[in-house]
Amino acid sequence: MFTNIGEFLPFILQGLTITVQAFLFGAALAYSIAIVAGLARTSKLAIVRVIATIFVELFRGTSLLVQMFFFAFVFPSLAPFTISTFLAGGLALGFNYGAYASEVVRGAVLAVPEGQKEAAISLNMSNFQRMRLVILPQAFRIMLPGIGNNSIELLKGTSLVYFISLADMTYRADILRGANTALSDQVEIYTYLLFTYFVIALPLVFLTRWLEKQASKGVSTA
Amino acid sequence: MTEEAREETVETPGEDNANTIVSYKNVKKAFGDTVVLNDLNLNVNQGEKVALIGPSGSGKTTIIRMLMTLEQPTEGTIEVDGEMLWHKEVKGEFVPADEKHLRKVRGSIGMVFQQYNLFPHMTIMRNCTEAPVHVLGVDKNEAKARAQEMLDKVGLGDKVDQYPAQLSGGQQQRVAIARSLVMQPKVMLFDEVTAALDPELVGEVLEVLKDIASEGDTTMMIITHEMEFARDVADHVLFLDNGKIAEQGHPRNVLENPQSERLQSFLGRFIETN
Amino acid sequence: MTWDWEFAFEVFPDIISAIGITIGATVAAYFISLTLGLVLTLLRRSSFKPLSLLIAGVIEFIRMTPPLVQLFFVYFAFDMSPFVTGAIVLGVHYATYVSEVYRSGIEAVPSSQWEASKALNFSRAQTWQKVVLPQAIPPVIPMLGNYLIVLFKETPLLSGIYVLEMLAVAQQIGSDTYRFLEPVTIVGFLFLVLSYPSALFIRYLEKRSGKLPGSAEKGVKT
């Protein structure tokens, strides 16, 4: 056992590009959505809040895989244009994790003490200046650990693109498994795959720990 | 305004209306069913130092928070420098003010908070230059010079590169005062600015307040539990009780010769503890 | 393609008949998470350093790797039915999250409780059983309940190892008829109507019990 590493591991790693691309695309979309939806949920306008809430609850209330199937199999039959499988997977990842992360953003904005807003008003800052200069810089620090954790979840979530036949690491491992019928080989393949995911998650873990430390600085406690 | 209400107003030293800078007319404030201020009429003159005293829950904080536009009055009007604060005139009728109007009028007001509320993610210098640069559009270097001057004035000119968390409570509060001063407000509000401080740090903050008061031009409304300080600094003392001005006048009269039993017992507490 | 009600009504019974599998897997996995989670928490607090370090390492590894890949690994490494494999893998994966919840509950019990127990000459086991856990667990019940919903939404992964839960059935119908719109939408709808009210109920419990300080950050999926 574990004698085929020279053959199996490189084959799996050919899927690393797709895994990383799906992660980066998903993360970029997710955090853009998270900021927009998270802020929208703290809006003074009821209509903005309602729309954002429906969006967030919809994507939190259904499963990521169901959403991925929707974007990959249902969406093409509805829309007058086609989207690539990669885009379908990326959209599902971005929307789903964006909905979760929007809660992190919302929580962070609400966690900035009311006195900060009042001080900004007393200095006659506009709504926009209050947000940009006072609330968001502090909320950003508060949300960092949550965003770090969310990113680790997102990385794990990229493995679901296997279901829509995107050639990520999990998909490559499945091909390899199909070609190697011995049970011990199959276990070996998935062992390598597990460790590969673990190794690429490690930088995110350390980043999150570091962010947790940063987050404790520069936030008002009053 | 009813004749009766006018009588009451006239009793305050705001007789000379040309000099009035802040004016509350029949102001009522309620949170739900709880009325915290009832039919408040008050004039404050340009340059006047008004001390507000009274038990907690008497409504004194609400008075200045409404002036800072942090709370909206339930009824009545507040004028600052001849302009309605919470209302604006549209075609001869007064309608509730929008954010644009509020921004225009609250430029003449500044406030210092009990909890300092410094911006923790900015250096002391940036705490003091952020608003001048972004709100007033002052040139960055000029804002820095002005901030340096005010920080020197409160005795913290050497702390410009530090962050609020590195300062003591008393120092933070002095920065908060400087931050408010650089905006050059006509009226400055102080909400129990020494209440959150350790006793040994109270003095340094009161000294700064006395300094500002002695310079004369700025109108000050000060909520305080420091009776000696109120007597030294204020031109006029208001005793708030149960959402009403229960007694008011020159500090010597109000503080040394209280008429009502409520004020006597209120002041009695301070004599015992000090 | 437009929505076909007739087709939707035709496939609905097939999909809903799989809901038993979905819920069965959820409940089995949840039971494993709750019990194993507590065991992991206690082992991690062991005063025998090598043991607590080993447990901490295993927890990290499981948390950092995708549950889908864990499913494949266990499916090929052990001779178990797909359903049992699925319940165990999801149960173990989320046990690592649940253990974090227990930990936050235990850490919120004041150390004076331990001292008082010592003063009363309770044994270690008695202290856990009679003093600490009865105080640690009730406040975290809403967060524990949350993971029931999380697990529910993770069950579509089991279609990867041929468990015929709702999404697998929907996909089957889709590939047979080339119509994914109705089956996938129905599955999404069923997930939403079951998970959203439960989520509201949990949030209500959370609000009523008051949040436990510092516990929100680690539980990423809320």
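Order of writing sets the chain letters: A, B and C. Residues in each chain are counted from 1.
What we mean here is this: a residue touches a chain if its C-beta (ideal position, glycine included) is under 8 Å from a C-beta of that chain, and two chains touch if they have at least 3 such contacts.
For reference, the UniProt names are A = Amino acid ABC transporter membrane protein 1, PAAT family; B = Amino acid ABC transporter ATP-binding protein, PAAT family; C = Amino acid ABC transporter membrane protein 2, PAAT family.
Since we're looking at a predicted model, the values are computed, not measured.
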Report task. Enter the minimum step count from subunit A to subunit C; a value of 1 means the two chains touch. Result -> 1
Query - Innermost chain, taking as reference the mean of every protein Cα atom displayed - result: A
Query raised in the report: In terms of CA centroid distance, which chain is the most far removed from subunit A?
Result: B
Report task. Could you put a whole-Å number on the gap between the CA centroids of subunit A and subunit C? Result -> 19
Query - Intercentroid distance (Cα basis), subunit B paired with subunit A, Å - result: 47
Requested in this report: For subunit B and subunit C, let me know how many angstrom lie between their CA-based centres, rounded off.
Outcome: 54
Report summary line: Within subunit A, the set of residues that touch 2 or more other chains is none
Query raised in the report: Which bits of subunit A are touching subunit C when the two form their complex?
Result: 57-58, 60-67, 69-70, 73-74, 77-78, 100, 103, 107, 145-146, 149-150, 152-153, 156-160, 162-163, 170, 173-174, 177, 183, 186-187, 190-191, 193-194, 197-198, 201-202, 205, 212
Report summary line: Residue positions on subunit A within touch of subunit B in the complex are 113, 115-116, 118-119, 121-127, 129, 133-134, 137-138, 141, 217-220, 222
Report summary line: Residue set of subunit C touching subunit A in the complex reads 1, 60-61, 63-70, 72-73, 76-77, 153-157, 159-160, 167, 170-171, 174, 179-181, 184-185, 187-188, 191-192, 195-196, 199, 216-218, 220-222
Query - subunit A-touching residues of subunit B, taken from the complex the two chains share - result: 68-70, 99, 103, 106-107, 109-111, 113, 115-121, 130-131, 134-135, 163, 165, 176, 179-180, 183
